[in-house]
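A, B, C, D, E and F are the chain letters, set down in written order, and residue numbers restart from 1 in every chain.
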Amino acid sequence: MPLSDIAPGADFVGFALVKSAESKTTASGKPFVAYLLQDRSGSIRTNHWDATEAIPAGTLVKFAGKGEEYNGALQFRLDPHRFRPVEPRDNVALADFLPTAPEPVEDMMAEVRATVEAMSDPDYRALVTALLDDASGTMLRFPAAQAMHHAEIGGLLHHVTSMLRAAKALCGVYADLRPDLLFAGVILHDFGKMEEMERDSAGLVCGYTAPGKLLGHIHLGALRIAKAAERIGTPPEKSMLLQHMVLAHHGCPEWGSPMPARFPEAEVLASLDLLDARLFEMRAALEHTAPGGFSERVAALDRRELYRAGE
Amino acid sequence: MPLSDIAPGADFVGFALVKSAESKTTASGKPFVAYLLQDRSGSIRTNHWDATEAIPAGTLVKFAGKGEEYNGALQFRLDPHRFRPVEPRDNVALADFLPTAPEPVEDMMAEVRATVEAMSDPDYRALVTALLDDASGTMLRFPAAQAMHHAEIGGLLHHVTSMLRAAKALCGVYADLRPDLLFAGVILHDFGKMEEMERDSAGLVCGYTAPGKLLGHIHLGALRIAKAAERIGTPPEKSMLLQHMVLAHHGCPEWGSPMPARFPEAEVLASLDLLDARLFEMRAALEHTAPGGFSERVAALDRRELYRAGE
Amino acid sequence: MPLSDIAPGADFVGFALVKSAESKTTASGKPFVAYLLQDRSGSIRTNHWDATEAIPAGTLVKFAGKGEEYNGALQFRLDPHRFRPVEPRDNVALADFLPTAPEPVEDMMAEVRATVEAMSDPDYRALVTALLDDASGTMLRFPAAQAMHHAEIGGLLHHVTSMLRAAKALCGVYADLRPDLLFAGVILHDFGKMEEMERDSAGLVCGYTAPGKLLGHIHLGALRIAKAAERIGTPPEKSMLLQHMVLAHHGCPEWGSPMPARFPEAEVLASLDLLDARLFEMRAALEHTAPGGFSERVAALDRRELYRAGE
Amino acid sequence: MPLSDIAPGADFVGFALVKSAESKTTASGKPFVAYLLQDRSGSIRTNHWDATEAIPAGTLVKFAGKGEEYNGALQFRLDPHRFRPVEPRDNVALADFLPTAPEPVEDMMAEVRATVEAMSDPDYRALVTALLDDASGTMLRFPAAQAMHHAEIGGLLHHVTSMLRAAKALCGVYADLRPDLLFAGVILHDFGKMEEMERDSAGLVCGYTAPGKLLGHIHLGALRIAKAAERIGTPPEKSMLLQHMVLAHHGCPEWGSPMPARFPEAEVLASLDLLDARLFEMRAALEHTAPGGFSERVAALDRRELYRAGE
Amino acid sequence: MPLSDIAPGADFVGFALVKSAESKTTASGKPFVAYLLQDRSGSIRTNHWDATEAIPAGTLVKFAGKGEEYNGALQFRLDPHRFRPVEPRDNVALADFLPTAPEPVEDMMAEVRATVEAMSDPDYRALVTALLDDASGTMLRFPAAQAMHHAEIGGLLHHVTSMLRAAKALCGVYADLRPDLLFAGVILHDFGKMEEMERDSAGLVCGYTAPGKLLGHIHLGALRIAKAAERIGTPPEKSMLLQHMVLAHHGCPEWGSPMPARFPEAEVLASLDLLDARLFEMRAALEHTAPGGFSERVAALDRRELYRAGE
Amino acid sequence: MPLSDIAPGADFVGFALVKSAESKTTASGKPFVAYLLQDRSGSIRTNHWDATEAIPAGTLVKFAGKGEEYNGALQFRLDPHRFRPVEPRDNVALADFLPTAPEPVEDMMAEVRATVEAMSDPDYRALVTALLDDASGTMLRFPAAQAMHHAEIGGLLHHVTSMLRAAKALCGVYADLRPDLLFAGVILHDFGKMEEMERDSAGLVCGYTAPGKLLGHIHLGALRIAKAAERIGTPPEKSMLLQHMVLAHHGCPEWGSPMPARFPEAEVLASLDLLDARLFEMRAALEHTAPGGFSERVAALDRRELYRAGE
């Protein structure tokens, strides 16, 4: 039974993914856990009264209870005795409850790897290979964000792969771009996110790490390049160019880049990063918009309302 | 003799293009004309004392005089009796004195026209065709700016053609983009510049028109689309989409766009417009920069210094 | 019975205007319509459970139900069988439920028309007359906004008439202002709003149109002038001056004007537009403020608190 | 002989006003005084070599010398022995060399005084009268600025009088404005300038005082009201309202107002202050602009170019 | 019984401080008073139905009622017949319910006074003494804010004393600072707050006064110095320096300072004011943060999350 | 003979430091080198005509020539045959021509070292010691800037030492500050400057390096800490805290810090860095200001004019 079947006054039994779980105390000192549960049909908030230990985010749970309605809002009264992590006999698959990139992650990784192997500059090839070797286990399924664009299993690769295709296309138009440098920058630009964000057991991002909040993925990413380059002996100039591309890829100080792009490949990287993220957000918002109508305001696009042309 | 041969104390005779000419009066009430002369080797300022009538910008002139040096700066004392527009017998060609787009303007126009003819949507095809028919005589050689990116004969077409190629490339990556709408937007986005800017007789931009300063090329361009659409019966929705793309293509209010892009093609247009202009400026600045060094600050890129990697 | 008589636990029967109506679905998939009902004594939200078709905004309804109180907030439980549009036999007048400009709309329109007829410049007279002829049916009762200043029947005329009187007063102080140009600008400056905003059947603004969100009333208004001027042969210079005044009347890019006022009449227009709107908001906020006290923060005035002097 | 008669190579004898005089030393330690001299035909810079004592700004001088031209710029070589303050026998009047408000200062002051006497509120009448009595000797001829709007003898009164007329006109349109409060605010809003700016002996502003730079005319003006109100027993509420109007009259923090206008009269004051200053600047710039052309960029109007319509 | 003992379904009797009390009317016209009650264990909101007169903020009350839970939130149903101000026989002390500075207010005042007495400049000593004499009764227990840093009994003195110690420490490092001027500025910089903010009967700030909102504590504080200086004959230069320090102490226009610091002591004052306030906020937020974790976003620190290092 | 003795028409022979040297070409293609020469009495610009090789910045030179005056400005005509680097027999010392920190660099370094040795936390002690060991040869005489605050031999140590003293003083006032962490942050915060800036042979900063412009001293400094910490095994948490302090020490994105301070020591560091720099600039500007007067506008202080109180 999908979550969308929950109705006021009706009993419900079903499965869902724990999206977040917070242990709290009522003003009177009694413990409870506040849950946000989700499946592909939607999500619902409910409280587990008197519980002291939370089932962590990323767990698939089986639960039962009853819908209720207060002031026109649907609520769910969880049966505290019928709420538990799924077990093998439940025979449900986590993957069916997770937002996931549209292409298989292995295919995307293969495309990235092939791009690297085709680089004619041995230094960039070696450096990107070393960094991919270090990270690729993690990178394979890493989301690109917690709630914004590409917050999905494999989202980081999804983002990188789209940008890589666009970068290749632009190299055909602007002949002075150096493809190896641009592709290396595209592949590495968000590597720091893998240290910046924390994943729950399902693989979705559930928060930021201490290094993420104190140092940020931009510095962390550039640092990772600097250290790998030193380790494998990349010429300092090339390490510096790539570090600059990472530092500059958010485009301006207010968005976290301490300096603007100072050469064409850095400019193209910043431009494609922004464009790819915005097109993702637009696509997501327009999917739920009727032809000839406007979307809700999209937080990730400065609260723009988007238009879907009448068809 | 090129302008770069002018030297202190030496006589000079040569040809140059009048880039600007201003009639002025000394504090004592005597008239003179201040000229900026240019050829492909450089430019020089000189005054025509006692002259009351200026030879207009865009004229090719023959002139003589002598180099002088004050305070370490080179000046030129124009011989007032040896300064005149060129005549047929001088046998010099204006084209040799003008910055010009790297591809023949006819080729670029043919590429634009072919793109339009290949559109599958008859409304966009008809509307863009009508606007090109109205404007193409003017558009063929129109620069895209007075001093910034693409300030060259055929610069507007140069800018449009690069963007069109990039737009085609991106349509292969982002499948939800509607090619006809995007290409129409790219072709028309700067049409208003042809009313906004004034050309000298050589075809370079020498200033802004009154409609340019009072209404701006964004409103002028959208207005032109509105009127042509009404005339030929384009469906109002399609005219509206294109007008929106023109209004939104500068990206934010501070840069002249009253609203942000509200659908993907408008976003791509704004992104490519900015990127194409910046890559042009970067290329121009890096041409004069030694490998491993930094350019001067580039006014058109928020005073960035650019880096040319060591080779 | 006015809405302010609704009390917890008490039955209620009365009339109200539908201010907004949204068809929704509960999480369990059951349809309902969420209404905001208003009369001159206040407003109340209520839900029509199981309803699939909404009574549209702008309709006068008769309804019954019962007040309820949850958590200190008053709610209203609508009797789903006693909720319908008013019928002739109900003998209630829509006008009694609508915010309306303080002067009769016909008087204001007559004042505007008289101003136009008194213009000594035949071009401005003809152009403004033509635009008023096209629009005056619509303009007569059009509000000037959805929720901000002059959101009332006849609000656009109310705003224009106040500004016109102020403009006339200032022409007596600043002798270099050209009255006809200034008055024409005042009358036409918000014409685009009639295409930008959508009205419900009662005549109040209930949202924005697609052209409103994609093109904005500033461009739409200037476009309307451009087309009328072309049609009736207004000299291009005069059309351009008026278009500029419309484009510049919001004062700065952040507020939607792509360029600042470039001549005195455009500056006066922008100044009076802002002042008239602010004085309207101040008056509205201070009406509900006790002498010697401060108003709530006023959203339309950058969240200022206003002071009402002790009397 | 007016300054505009100075020509290269020609001797010149004439009169001018010292606009500024700075004692300097050459790098080699020799003293000189750098002068800016002006009359109604223009101005010229010249140096008095070896002079150690400057003739102060505001002095009328008789001088002789010769025009010279370097690099196309006109210079003036002052004859050091023929440069002295005017004497009675020279028979020239300072007033002929000064920019001056268009109406007689006594007439403007009489209009201000009449406005005060006509106030029906005895508190505002008494307070403004007391402040005018303290200041009116100074105020009569005080300029409103050093270089911006109303930098002329009587400029402060010129500015106040225009605003007062506009304020009276608007009171006829917006019936909820309290005339006495508004007029008192208009008259007093720039009183602090009389402590903020320093005048030369001719009465033009030649710089800022220490209190001007450390405290500013806004605080100084409000302070003056606070002290006078305390002295003559104005009710604290009324003193507070007027102080608020002074504090808020620049409209926003960036322009020196720590808070926005919090009641209608303060809003009108801020609006009229800005409008009167801008119209002054526009008038000044357009006087030197040909019909159908644009002015130079006007520093005091955020570098706008202004348009003078073709006539 | 502390407020934290309130539990759903359980009866409660206890004492608390009225933090705020607002008289309201239900939509049905019935009066009630909404209370926020607090003690050191926390706070709770409750409504006194049908009450027309509010027990004012700052009063200690005895009350009874019952905890309730709606939608997971704890509420409190006040027994309207068992709610009254405390009486002597209750034998509870207000001080036990108030946030209070960590050092005795008399000690802090003595430290301030000793600092003044040790000044070697008799003018600053006399002026600060006079202002302290006027204000010290009020100052002794005045909070420094309503909700931000130092919102506690004696908070103003707490803030001043910390800054004074820091100022003394810096005078040992930067030898060109004039101690007397700096200390006088530190002591007086927030004097205007005593007119800007209103206290409830318990001595906590419960709102802003009309002069506070219309004039602000910066102008009010400078004004107070100006008047005292005039009264006791402080040299105008010294009064001006101190007024400048007050005007400039918020650092920039957006934060209320019309001009930046123009001498070193004013700069140090602005720097220490900001630092002391921020360190207070950081300390308060980190107290409730576990080692190795981040605080909630802190409104008073631009919504920063703070890190408490793992220990 | 000091540079201040150069006078128009007079011969001059003397010594100076080459502050900058740029090889240029006249428009006519002739090479020259433009020099800025300085000693403690001032500086002068001159050109070495026909020279193709520049004497590099940082060299002490002996030169002869003649003063000249054009348009009231002093110039210097360099005798091209009497211009050479100093030789031993000239018997002049470079140190007499250099701006230098007021305390001996060895004393300051000893103070820094002593502070480190006194740290009770062995991790911070070891890490700072390692970084000082790596850098101290360079650090000893490194300036803190090219033209702003502390642009002097030993300027970096001067800046660090002042801040360290102030940090110690504040630790006595704010008891929750961790001294070792704060002192380590102060010592290391500008370490990246040693890679960001290039020195001439005299030891003054003459420009930025490629890593300086592409990566910036903030990232470079944090990177250096990260690498040293990894090498010597500093606990990651402590490395992270120090990296954060470096990243955050400019206070806001516009000034290069990607995030704000997230714990008290980082806040104190940012505050002291700004204060120390500003006090340096104020001191420098006020030294040249007469009592009771204002300085020129100071570029490094947002163009403030500073006041020197009358004495």
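Rule of thumb we're sticking to: contacts are C-beta pairs under 8 Å (C-beta built on N, C-alpha and C of every residue); 3 or more make two chains touch, one makes a residue touch a chain.
Because the structure is a prediction, the values reported are computed rather than measured.
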Partner chains that subunit E and subunit F have in common: A, D
Distance-maximising chain from subunit F - centres being C-alpha averages: C
Contact-pair overlap exceeding half with E-F, pair selected from A-E, B-D or A-B: A-B
Pair exhibiting more inter-chain C-beta contacts, A-C or B-C: B-C
Centre-of-Cα separation between subunit F and subunit B, whole angstrom: 43
Distance between the centres, which are taken as Cα means, of subunit E and subunit B, whole angstrom: 61
Residues of subunit C engaged with two or more neighbouring chains: 70, 210, 213-214, 237, 241, 244, 262, 294, 305, 307
In contact (per the touch rule at the top): chain pairs: A-B, A-C, A-E, A-F, B-C, B-D, B-F, C-D, C-E, D-E, D-F, E-F
Complex contact set, residues of subunit E against subunit C: 26-30, 32, 34, 47, 70, 75, 210, 213-214
Partner subunit A, residues of subunit F touching it in the complex: 210-211, 213-216, 218-219, 222-223, 226-227, 230, 237, 240-241, 243-244, 247, 253-254, 256-259, 262
Subunit F partner contacts - residues on subunit E that touch it in the complex: 162, 165-166, 169-170, 172-174, 176, 237, 241, 244, 260-264, 267-268, 271, 274-275, 278-279, 282-283, 286, 294, 301-302, 304-310
Residues of subunit E touching subunit A in the complex: 3-8, 10, 42, 44, 67, 69-72, 74, 292, 294, 305, 307
